[in-house]
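Structures for review follow.
Consider the two complexes below, in which chain A is the common component and chain B and chain C are the respective partners.
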Partner chain A sequence: MNEASLLHNYLVVGSLLFGIGLIGFLVRRNMIVMFLCAEMMLQGISLSAIAFGRYHNDWGGQMLVIFIIAVAAAEAGIALALILMVFHKSGTLDMAFWQDLREGGHPAFIDHRVPEEQAEDRVWPTLTPAGIEPEVNEDEQLHRSKV
Partner chain B sequence: MDSIDTLLVLIPGLPLAAAITVGLLGARVLKERSHYPVIIALFGSFICSLLLLGEVRKEGESVDDGFEHVVTLWNWADVSNAYELTDTAAADVGSHDFHIDVTLRADALTAIMLSMVTFISSLVAIFAAGYMHGDRGYWRFFAYIGLFVFSMTMLVSVSNFILLFVFWEAVGVCSYLLIGFWYEKPEAAAAGKKAFLVNRVGDFGFALALFLIWTNYGTLNFHDTLPNGSTDPNLIAQVAATPPSEEAAEHAKPAVIRGVLGRLRIATNDYKHGNIALAICLLLLLGACGKSAQFPLHVWLPDAMEGPTPVSALIHAATMVTAGVYMVTRCTPLFMASPEAQLTVACVGGFTALLAGLIALTQYDLKRVLAYSTVSQLGYMFLALGTGTVVGITAGMFHLFTHAFFKALLFLGAGSVMHAMGDVIDMRRFGGLRKLMPTTHATFMIGCLALAGFPLLSGFFSKDSIVAAVEERVHALEHEHERRAAHPVNGAVANDAQDRSAEVEHAGVFALWTPDQLDTFARVYKWLFYSAMFTALLTTFYTFRAFYLTFYGEEVIPHEAGHHAHESPRMMTVPLVVLAVCAAVVGGALDQTWIGPARTHQFGELLLQTPSLANGPAAAAHDAFKFHGKIAGISGAIALGAILLATYLYLGHRREIELIRSLMDFEGFSRWLDVDSVSRWQKARWIAAIHRGATAIGLGWLTALLGNIVLMIAIVLSTPFLLGHFVSPYKLSLRKFFIDELYNFVIVLPLRVFAATCYLVDRWIVDGLVNLLGKLPLLFGNLMRSLQMGLVQFYALAMVLGVVVLLVAKAVLAG
Partner chain C sequence: MYVDLDTIKLLWPELVLVLLATWIYIGGTIQQGRWWWGLFALAAYGVSGHAVAVGIVEANTVSGPLTPDSLGYVVRFTAIVLGALFTLVLTASARKELASETIATLMLLICGVMLVGRANDLVFLFVSLELVSIPTYVLLYLGRRDRATSEATVKYFFLSVLSSAVLLYGLTMLYGVAGTTTLVGPGSIQSELQSLSVDAGGLGSLTPVALVLIIAGLGFKMAAVPFHFYAPDVYQGATNANAGLLAVVPKVAGVIALIRVAVIAMPNVAEFAWHVTLVLALVTMTIGNVCALWQQNLRRLMAYSSIAHAGYMLIGVAVAMAMEASGGISGTLFYLLVYAFGSLGMFAALASLGSDEQEVSRLEQLSGLARSRPFVAGAIAVCMFSLAGIPPLAGFWGKFTLFTGAVRVATDSGGQATSVWFAVLAVGGAINAAIAAVYYLRVVAVMYFQPSREANFGTNVGARVVMLFAAVLVVALGIFPRSIFNATEHAESSALREKVAAQTIQRLEAIATSQQVP
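And then the complex of A and B:
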């Protein structure tokens, strides 16, 4: 297999990754999924960069990818923290719920209302308790803003 | 000479120093003691003025052509080669540097004005210390007074037109501040504004006159100067005597800059004639009219009554309205060059005197009567100045001098009355005050007698000399006219030079006049003479009307007076007494021609030491001062008669005066033509009987028709009489001949409409354009606003689309 066809295959996979990520980012409303899609786009780009690097036989592509990985890690840290906070605030991961930064007087965009979640449907992660159980602060539980 | 320098600086310097002291320390330190520095300074100024007068008089007696001494303090501004004179008198040709030096002058006219101004104002200041006691702005008042007197003393002692203009304005500003002293009162604020604005009109004319003087004479100094600014008379005489050197001729710079009223120019009578002279003089006259409240700019003075009464006394007697008379007197040589201008001055004066006299007849505000009498007396002064003879000018200045005393006295007397009556000044609301305020009553009576021209009081002499001067002028003109008629060959048709010079020698001042001119002028002056006589009658009458209304009749005291209704404190009555003594004796003491032919007119002789009057065209037309027994007799009789008339009408029941008032108001006529009363006739028994009788024989329609015709006639006739009711002689006088309303309608209203239009244009068109420009970005921004919908997916899509567009563009452009 010659070098050019090898590059070609890599580029196809890379652009598939990017395309899937892009479409996913545009059509999904779940924040975590959108975040994953964004990561997928980055991976598509990274793959293409490495392929070009190898084709041209220089380290530039790989260097770029190392930067991308570093940036993506940082971004993941921030984004996941934000998403967590947002979820704490609103109890939903729907991106359409967060349209507050639109122009004043502009109606909110309603695409397809997500069916209201039933309280009993909520499933919270259950973990095996470890260590010493913290003292329950009743007051704090009462005044928890959401959830 | 050195003492003159010091005195000249001290006279305005002391009031200025006092004004600054009071202005800086008054609010915190001096407070109720603020009058001390001002009174001391004014009195010091007065002493200095007297010393100056003595010096000037002493120096003046030793020279023939008048004495003047000029002090240059410092150079204010300097423009080299400011202007080049070409088409003018030979001695002025050349390029001119424009020096403005701060120069003061001492001559007889200045010294007289200074003494008068400082004397009156120190008395007024003493009075004001009593009158203004307890006022919130006590220190402010005295600071203004100091500034006012400083401006006025500077105005009469500066020696060039620029500074004259500066202090002309300064006097205007001070009067504005003082008239509007009680600025919380809307009338006072409006009166101050009106005084200032009306004065601006006059000042505008004055400024134009200065421009004309500069372009025609190449200097604005009164006195002669050397190009280096020196004013030493010996040096100037020396330079003027030597012929111009080659170098000087080459640079076309005159060796001596001859002042507009300088000795060199007056001696050769080198003044512009014809239209330029007329224009200069008329514009100067406009300025003088503004400041001296002559028709048509007299409207501000009566309104100026809104200020504190001492201010009125100051304005009317000493520091403001005399400025115009002073200026015209100072510029006598300029006016001499234009007989038409002199006639205009006389006509303005005569007309104003008459108009103001008529208005003063019906006013009920005591101060307003006095204000109109000031306008009227100033008219007399202008009439005198307009005769253009030395006798006339002296008479004008003499009247100014005596008028200052008795008008200050009358105003302070009115102030004393106001003080006692709790600031009520309407004569209908008080009366019979003679027992209550004996000192005020006595001094006010002396002032009234002096103003009325009662024989042997000061007003008698000065007013007489004015009327006599006019009469003399008429006489001289008629005499010359008859002489021309008798020798027609020697008339103004003389063309060749020899005839002309012979004619000049023979005819004297009238050499350049045509017979027609002589005739017309003689007739106009004659009318002015009659009008002056009639005005004298009016003056006496309205003065005594005010006097009787205030001090005689039933004792009426308005409730505002409260516990104030008593004689004023000593601080206020002492100035009254001093002024009353002066008003009584100053005329007879200074004009001693009435005692006998051996005595001279002291005031006139002193005034004639002023260079511009002692020399040149004015002196050429000078007759000796005489006492005119005939005129004095006539005007004395007029004064006595009018006093008796006023006494008959106003002392007692005043029934006759009510009758005269209703007659003058057309009240009797309108009653007969009243439509209501005519229609009431048909109810009268005999008319009703006729109508019934006529109806019985079938002629009812005829009597009904007749009745309707009579009613129609009554309606038609009543219309003009109804109008006449609004413009009856009484209403005209009471409403001041509707001059204020006329100005309001013709000048103020259009200006207001114009201002409103400008405001609307500015508000909607100019501002609108600017606002529109400001709104454009907002409009474009609105278009983009809908894109900011807050949906993350949409933003991402927009990014993707953007990238796609970029890629497509790249592909297309590359392809």
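And then the complex of A and C:
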């Protein structure tokens, strides 16, 4: 297998990753999944950059990838902080929740395919109790920080 | 490409800003108070500006990924001035406990713009552009603590991540075609692409794809079609000061990056490139101006105006792509400066009217402003007239240079089709200027001809100083545009000179190799 066809394979995989990420970004509404899709696009780009670098026998591609990883890490930090703060405000990760800012007179988007949330749906997952129940120190409960 | 001590020396102005921004982050936890750190930041911009001015003398040292042309110097001085002005606005309007963080984040952002201005390397350019975007997310979120701000930040963040991925894919393909990350100079993307045009096919077919992805990705920073959707929503949700920042600073970075990559470094795709840019310019101008007509929210109106101005700037880019040394880059740069100060003046005026309880956001809140706040109304009117392009203000000269550039290409270029396209572009730009005048003048009419309303406006001293400065500058540039013209023209010729030099070197090499063959 010669150099060019090897490059070709990597480029196809890279563009597939980019395309899947792009489609995922556009169709999903969960904020975390959307961010992961954007990360997947960056992975596709990184793969193409490395393949190009290998093909040209040049370090530039790998250098680009190192910087992409560093920048993606910085963005992930901001993204997690932002998503957490926003989740505290709204209680949902659904992107469609955020539609207060829109063109005047434009109706809000309501997803009719999703069934209305009932009170009994709001159940948090619980762990089955197991083992010996620990002794609760009443004194400690007074000054313990509420988590 | 390598990095040595000279590179560090050349990077000194930016390093000063980064170091002092870190110092403000740390010191802000110990010493509270907004003016303390505001004045500190102003001093930092002063030191950095002095370092840039000193650096001009040794302007010819090419070192590492930095380019020494005077386009970079124009951008860096503009960035420092904008940084100092926005520091004044933000110092007075940010929440007291967050003032130091806001100022320091702004400083990093300005440092990013300065680095974009002199990037001569794809990796360097990408990291500088990210240094512009990442602090912007933080600044947007720090602005206010309500739902609208959160929504604006979320929307801006996700679209920005998407657009930077698109841009990065374009840059990677450009690297793949050329096999090097250097933009201009011997053995760079520019010279590789020029030699590619001889033997087309193979990897070279990726060049148009790279170009489209780069224009789309940078279009987000400029708020140009097709990535303009975020602008109205995000501006509406942000504070007035932050909306002004978004309207000005990322746009400077985006336009300069577009000039550096798509105009200067990618010469042989020009035929296809100017078609795309021209159509984008027409669509962007028209969408921005038409949608702004029925806006009642001031920040939304200014967002559509910012989209429309991105369209005007793309006229200059299209002109520069279609014809070399046609004054397109210089016109775009001049327009960028004029737009930056006009828009900054408007947003600073809005910020100066806001108080902690209430922010000015609807058009009818300005009614009768000419009687209750004559100075603010006057400054807003000057900025509006300049953005509308009414002589003798600076905006008129900006539009004038761009349109004459388009007309020059229409008359001087050889091809019939080219002439028609650029004639359409010039006429479209003129029609759009007329449409734009309607909504700019509506703002002025509301201030001067409607009855005054009882409103408790705030007194934001920093924003008021910035507003007056911007208004005076807009008038002064309108009366004496020559000095800035000279600077931008020099910037264009020095940015293109390296291109010409690279072409000469390549031609000599070609001659040398052809002589060796027999």
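By definition in this document, the second predicted complex is superposed on the first by the 99 of 147 C-alpha atoms of A that agree within 3 Å, B and C clash if a C-alpha of one lies under 4 Å from a C-alpha of the other, contacts with A are read in each partner's own complex, and residues count from 1 in each chain.
Note that a contact is a pair of C-beta atoms (placed from the backbone, for glycine too) under 8 Å apart; a residue touches a chain by one contact, two chains touch by 3 or more.
If you're wondering where the values come from, they're calculated on a predicted model, not measured in any experiment.
A.B. asks: Examine A:His56 and indicate which partner it touches, taking first as chain B and second as chain C; both and neither are also allowed.
C.D. replies: second
A.B. asks: Classify the contacts of A:Arg29 with the two partner chains as first (chain B alone), second (chain C alone), both, or neither.
C.D. replies: The answer is first: A:Arg29 touches chain B but not chain C.
A.B. asks: May I ask you to name which of chain B and chain C touches more residues of chain A?
C.D. replies: Between chain B and chain C, C touches the greater number of residues in chain A.
A.B. asks: Name the contact category of A:Glu103: first (chain B only), second (chain C only), both, or neither.
C.D. replies: Touch partners of A:Glu103: chain B and chain C.
A.B. asks: Touching chain B in one complex and chain C in the other: list those residues of chain A.
C.D. replies: 22, 25, 34, 95, 98-103
A.B. asks: Enumerate the contact residues on chain C facing chain A in the complex.
C.D. replies: Interface residues on the chain C side: 122-123, 126-127, 130, 134, 137-138, 141, 147-148, 150-155, 157-158, 161-162, 165, 168-169, 171-173, 175-176, 179-181, 202, 232-234, 236-237, 295-297.
A.B. asks: List the residues on chain A that touch chain B in their complex, please.
C.D. replies: 22, 25-27, 29, 34, 95-96, 98-103, 106, 108-109
A.B. asks: So in the complex, the part of chain A that touches chain C is made up of which residues?
C.D. replies: Residues 4, 11, 18, 21-22, 25, 31, 34-35, 38, 41-42, 44-45, 48-49, 51-53, 55-56, 58, 60-61, 63-64, 67-68, 71, 74-75, 78-79, 82, 85-86, 89-90, 95, 98-104 of chain A touch chain C in their complex.
A.B. asks: Quick one: which bits of chain B touch chain A in the complex? Just the residue numbers, please.
C.D. replies: 785-786, 788-794, 796-797, 800
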